[in-house]
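Look at the two complexes coming up: subunit A is in both, with subunit B in one and subunit C in the other.
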Partner chain A sequence: MTLLVGSITIGLILALLALGIFISFRIFDFPDITAEGSFTFGAALSAALIVSGANPITATAVAFVGGFAAGAATGLIHTRFKINPLLSGILVMTALYSVNLHVMGKSNVPLLSQRTLFTWFESFSETVSGKDTLVNLIGWSVPAKDLWTLFFCLLIIVFFGLLLLWYFRTNIGTAMRATGDNDQMIRALGVNTKVMIIFGVALSNGFIALAGSMLAQFQGFADVQMGIGMMVWGLASVIIGEALIRDNSLGFVIAGAVIGAVLFRLLVAIALRWGMNPNDLKLITAAFVFLALVLPGFMKKTKKVKLIRTK
Partner chain B sequence: MRPILKGIMALIIVSVILLVSDLQNRNKVKVMPSNPGQLSNRAMAGKQYTLGLCYFAPDASHDQLLTGLWKRMAELNFVLGKNLIVKEAHSNGEIGNISPILLNMDNLDLDLILATSTPCITAALSTVKKHPVAFTYCSDPIAAGVGKSYNDHARGITGIGSFPPVEKTVQFILEAIPGTTKIGTIYNNAEANSRSVLNLLNKVANNLKFELVALPVVNTSEVYQAAQVIISKGIDVMYISGDNTATQAFDAISGLCRKNAIPVVVNDAPLVEKGALAAIGPGWTGIGYHTGNLVARMLNGASPDTIPLENFGNEEIKVDLNRAKELGITIPVKYLASTAIVPTDKQYKIALVHYIDSPNSEDCEKGIRKCFADNKLTEGPDFTLKVLNAQGDMATLNSISGSIGSEKWDLVFALSTPTTQMLVKKLPGYKIVFTNVGDPQIAGLGKSFEDHLPNVCGISTMSDFEGMVKMVKHLHPGIKKIGTVFTPAEINSVSYKDHLEEAAKKEGLQLIAVPASSATDVLDAANSLVSQRIEAFCQISDNLVGSCSSAVLKVSINSKIPLYGFATNLIAQGAVAVCARDYEQAGYESGEMAMKVLSGIDPSTIPYKYVQKTDFLISNKNAKLYGIVVPESIHANFPIQQTDK
Partner chain C sequence: MLVLSNLNKTFNAGTINEVNALQEVSLTIEEGSFICVLGTNGSGKSTLLNAVAGTFYTDSGTIELNGKDITRWPEYKRACHVGRVFQNPFSGTAPNMTIGENLALAAKRGKKRGLGWGLTSTVLQELKSRVKTLNMGLEERLDSPIGKLSGGQRQALTLLMSSWVKPELLLLDEHTAALDPKTASKVIELTEKIVTAGKLTTLMVTHSMQQAVHLGDRIIMMHQGKIKYDFRGEEKRRLKIADLLSLFDDLRRKDQIDAGVVELLMKNYV
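Let's turn to the complex of A and B:
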């Protein structure tokens, strides 16, 4: 059960990453690989700030701003200098590697004895449910603080999900969505699409950096290599979510990205729990994701066949 | 809301699957063991131990570490798979994977979690809550965040750090290479261990009055350039410590230093074979062995809180005296005690190229090395053997042949058909000896075994078809028809079929060969052989049929027609007998051929040969299933090894 709770918590944290990837890839159709750099950038910024004694909330907010700036850089490089979106992402991502090393001053910053968002959640749990309390959940004993952490992560992701939903329904948000869908039309309406793209990629990387910051605080360290592979997993989460929830309206798509991220972590946890050969881990994860993508469509087909037969 | 419900349903289903797999953990909350009084490090009789092992990614040094660890554990009566169960997981080199792995381990019923490598140790500090943690394979535990000092460390965790012997290495450099004023080094700033080493190196440089030229790199592709820059600054010696990035690109460094006659000193012994002058380093096998004591103690319940951290070095010194001679360096005698290399005058430079990591290819290499040893040639003083492996990748094989072409070699071993073809084509002037090649004629290496390409010779490992037919005839007197499935699309398969047919004809047998073009055809082809009334299967070993041999075996068992094969694994699956080539022998024979070539005989005058030794394996148990009585006389005629009584 602790495994389940822990996996869902990590899934919810990485759902922020999925939301970020969702903005750039789905809303703007902008293949943005700044993600691998900005994820680490967020972690590095908040880790460095927390170590130097800053308030965890400030540190997390600064991470968001940092990611936002990194994304804006990618957007600027793309729109002002007419550089291919992939290459602009690569440029910023590569540059961020050095920046991250400078920010942290070394390759790995431990946050073990520091006050982070998560130590706050734990101390909240102590005051509410008492120290080291175990909660009995259908036969499994789960530490109360784990449950509270999960609850807070859920709150955070629901908050940001709703924020995003609200934002994309405002005038400027609608203009942003239209930029991705039909930029000629929206330009004709007098919207500056370049600004929209810069702002959108920036917003996307802000979310990604936020995810990096949260993950660093959750796992207790920031490392210069922690961003590697993150973009692929984020994209996988978005696509799993889309495949599951076949509905194009904004709210459902956002919910889908979150559900996809959690589902993905659960699948990895199952692969781990079944004690597979360590060398096969990635293969099995790939197989699981494949199944998750294919099964819904397959089930639909078999249902149709049954209907025809009963007629 | 319906679409969301679907997503939530999926989440619930997956969660239930996870919970069901976790059922055994229900209500089993482990309390951290804390009885420091009991410090025995031998396994208690009748007790079952479970150890979780979490590491970053497999690599050669880590393998050495584990070898040492399991050796010590076995000495302390912890037998792997018997009273010691190890649940192992690695993060595939991704930091993001470490936390979930450790989270999962923390939920298992384990006695101890062993975390190796710095990122895993740091993750264990925050993730593991219910189990004691031991660690090793870390150069600086303090930098990893385990504690403030070796005595004042985090609760629930203890272990062994192994800082590279930086001071000793510098001492060695200054003593062996007098007049050294500038030492160069290349490191990756992102590696915490390298930063620690560099800090110490800076201090040592101040004390011993030499200049340190350190250049940071970000990845392996920058190493070559960095080495160029550093050499242009006029360094006397290059020192590469345990930096992973520099070690990965060591060939670039050692190649450049060689060109500029600059000695390279390292902390990893395996690098001496790659061109380093000397290695003074922690022996990982020894460190693993030492870690065994700690792991055993903690498995028996010793509390990590009472055990201080430890720095354990176990230094090994390895020197390449031939390289020293080249560079005109005399190594002080006190450093030679632990090296077993004796210099000779003539040193042969030999390369060996594998195409893929396969047991056959590895056995060939083993045979070659054995042959060199039997001829009183020691690696190092008498010859250097550079082993390359394309890992099944044709593009890599191209690069390998390119890199071989950029140097002068006395001899090149090619250990597969594509390797031989590639090397022969790209390196016209080089002397090449091949083995693990099925049919050199088909491979285009010559018109016949005698009339072949210049500069090439070798051993063919084609199956012993004549031996097989003779054995089948001996077991089944009066047999007329044998059959095999073959693959027309595989050039080797067709050639094997033709050779088997020829061998059968010689003994007065008829071979019926049925083609198969895909895995699904194999079963049908085998059935059609049965309907053509064959008396025995003599199944050739090609790639397609080799991978679905069980289909042929199934038909053989159903129809009670015995099966004979050319690969040893068939015996275990139910074949009556096999006659398989011994690849170690093939390697040995190609080694003998190499001796001739090295002694000055022109390879074009040496005819190709089949490998001499063949393993005949027979299973009485399987024979009985088919009602075959194995006559005693068979032992007089064939060098048979029985697999069962």
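Let's turn to the complex of A and C:
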């Protein structure tokens, strides 16, 4: 049960990553691989700041700003110098690898004895529920602090989900969605699509860096490798969400991304518990996303064939 | 008022595919005038329209709109003053967004887009009453994605959107060419209604001579990147489809002989 609560918590943290991927992939149709660098960048910035004694909230906020800047760089390279989206992302991601090493000073920064957002959650739990309390949850006993942590993560993700939902309904947010949907149209309505793309990719990476920062604080270390495969991970979450919730309205899509992120994390946890080799994780994730991308089209084809046959 | 002076545009310069799409094109469109641009394929009529819209920059010449020199303005900046309807009915609307959202985007053309709520109830009310004027029953479907509508409906909405905030200039790029004849005539009817109601300065590219004869107060005929004929006032009103056809035939025949020969013949016989 502790494992389950922990998995859901990580799932909720990675839901921020899913929201970021949702912005770049679904809103803008921009395959943004900067994610892999900005995820680590967020973790690195927070870790370095926390180790040097900064307030965890400041450290987390700086992570968001850092990711935002990295995304803006990708957007700028793409719009200003007309470099293809994928390559723009690869350039920034590669550059960030060095930046991250510089920020952390080494390839791994432990945070175990530091004050982080999560030690705050734990001390909150201690004052409210007492030290080392176990809560009976449908027959399992779970440490109260884990449940409080889960609750705070849920609050955070709900807050950011609603924020995003609100933002994409405002005038500027609607213009941003239109940029991804039909850029010719929105340009003809007087919107600078380049600025929209830069800002959108920046926002996306801000969310991703936030996820990296929170994950580092949760697991107690930042590692220069932790961003690898994160883009596909986020994409898998978004795809699961879309498959589960077949409604295209914005609120549902955002909720779907969050639910997808949690479910995907659970699936992975279960698979690992059943004895899947952790080394195979990324291979299987990639295969999963491949299937998810290919299957809908394949199923349509077979359906058509069936229709023809019955005729 | 739109003033074009000596516009030149060459595509693929220096290659075998070099095209002089615009050659020293000068044109003045008075406030409130409705011009139809005719021309054969490749005559430069769409190029002219796109040059004004800012899809690309011209090689030389200047474009002035109501005293503003917009020659070097990017497309989106010009769009703050210019309304546009494209040939492709899918180009003018965002398919995955709702009718209401599309219209709300158009209602903000040229205005600041901030963090205010896009579809407020007052905006929605205005959308409804304006969409009602289309008589298509779309006012009840503001929540459905625009991609589900037919080409004609989308084009009608694009027309409404392009003129939502009164544009200083309305550009129509063969906006009925992709529609079936019945829908096309409906959209043309709507075009006339909107242009007359708003006294909009309009530049319409068309290949339908019927439209050109019946609509607007001036006809321009382009050929090989140049303005060949310019009819206005009484002359335009007397113009028949047959007249335009014979002018086209003339142009085509001239094409078949060498330019030098044409000059010689003109000198001797005309």
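The rule is short, and it goes like this: the second predicted complex is superposed on the first by the 274 of 311 C-alpha atoms of A that agree within 3 Å, B and C clash if a C-alpha of one lies under 4 Å from a C-alpha of the other, contacts with A are read in each partner's own complex, and residues count from 1 in each chain.
Just so it is clear, contacts are C-beta pairs under 8 Å (C-beta built on N, C-alpha and C of every residue); 3 or more make two chains touch, one makes a residue touch a chain.
Because the structure is predicted, anything quoted here is derived from the model rather than measured.
Peer 1: Between subunit B (first) and subunit C (second), which does A:190 come into contact with in this model arrangement: first, second, both, or neither?
Peer 2: After superposition on chain A, A:190 lies in contact with subunit C alone.
Peer 1: Report for A:286: first if it touches subunit B alone, second if subunit C alone, otherwise both or neither.
Peer 2: Touch status of A:286: no partner.
Peer 1: Regarding the shared-chain residue A:128, is it in contact with subunit B (first), subunit C (second), both, or neither?
Peer 2: A:128: touches no partner chain.
Peer 1: Touching A:162, do we find subunit B (first), subunit C (second), both, or neither?
Peer 2: Neither partner.
Peer 1: So in the superposed three-chain picture, is A:171 touching just subunit B, just subunit C, both, or none of them (first/second/both/neither)?
Peer 2: second
Peer 1: Have a look at where A:252 lands relative to subunit B and subunit C in the superposition and call it first, second, both or neither.
Peer 2: It touches subunit B, and subunit C stays clear.
Peer 1: Is A:230 touching the first partner subunit B, the second partner subunit C, both, or neither of them?
Peer 2: So A:230 only meets subunit B here.
Peer 1: Looking only at subunit A, is it subunit B or subunit C that touches more of its residues?
Peer 2: So, of the two partners, B touches more residues of subunit A.
Peer 1: Along subunit C, where are the residues that touch subunit A in the complex?
Peer 2: 53, 74-77, 79-80, 84, 86, 90-97, 101-102, 104-106, 108-110, 113-119, 145, 161-162
Peer 1: Can you list the subunit B residues touching subunit A in their complex?
Peer 2: Residues in contact with subunit A: 3-4, 6-8, 10-11, 14-15, 17-19, 21-22, 25-27, 29, 58, 87-90, 92, 94-101, 103-104, 106-107, 118-119, 122-123, 125-127, 129, 144-145, 154, 189-192, 195, 218.
Peer 1: Which residues of subunit A touch subunit B in the complex?
Peer 2: 1-4, 6-8, 10, 97-98, 101, 106-108, 110-112, 134, 139-141, 143, 215, 218-221, 223-226, 228-230, 233, 241, 244-247, 252, 255-256, 259, 262-263, 265-270, 272-275, 278-279, 281-282, 292, 296
Peer 1: Can you name the residues of subunit A that touch subunit C in the complex?
Peer 2: 167, 169-175, 177-178, 181-182, 184-193, 248
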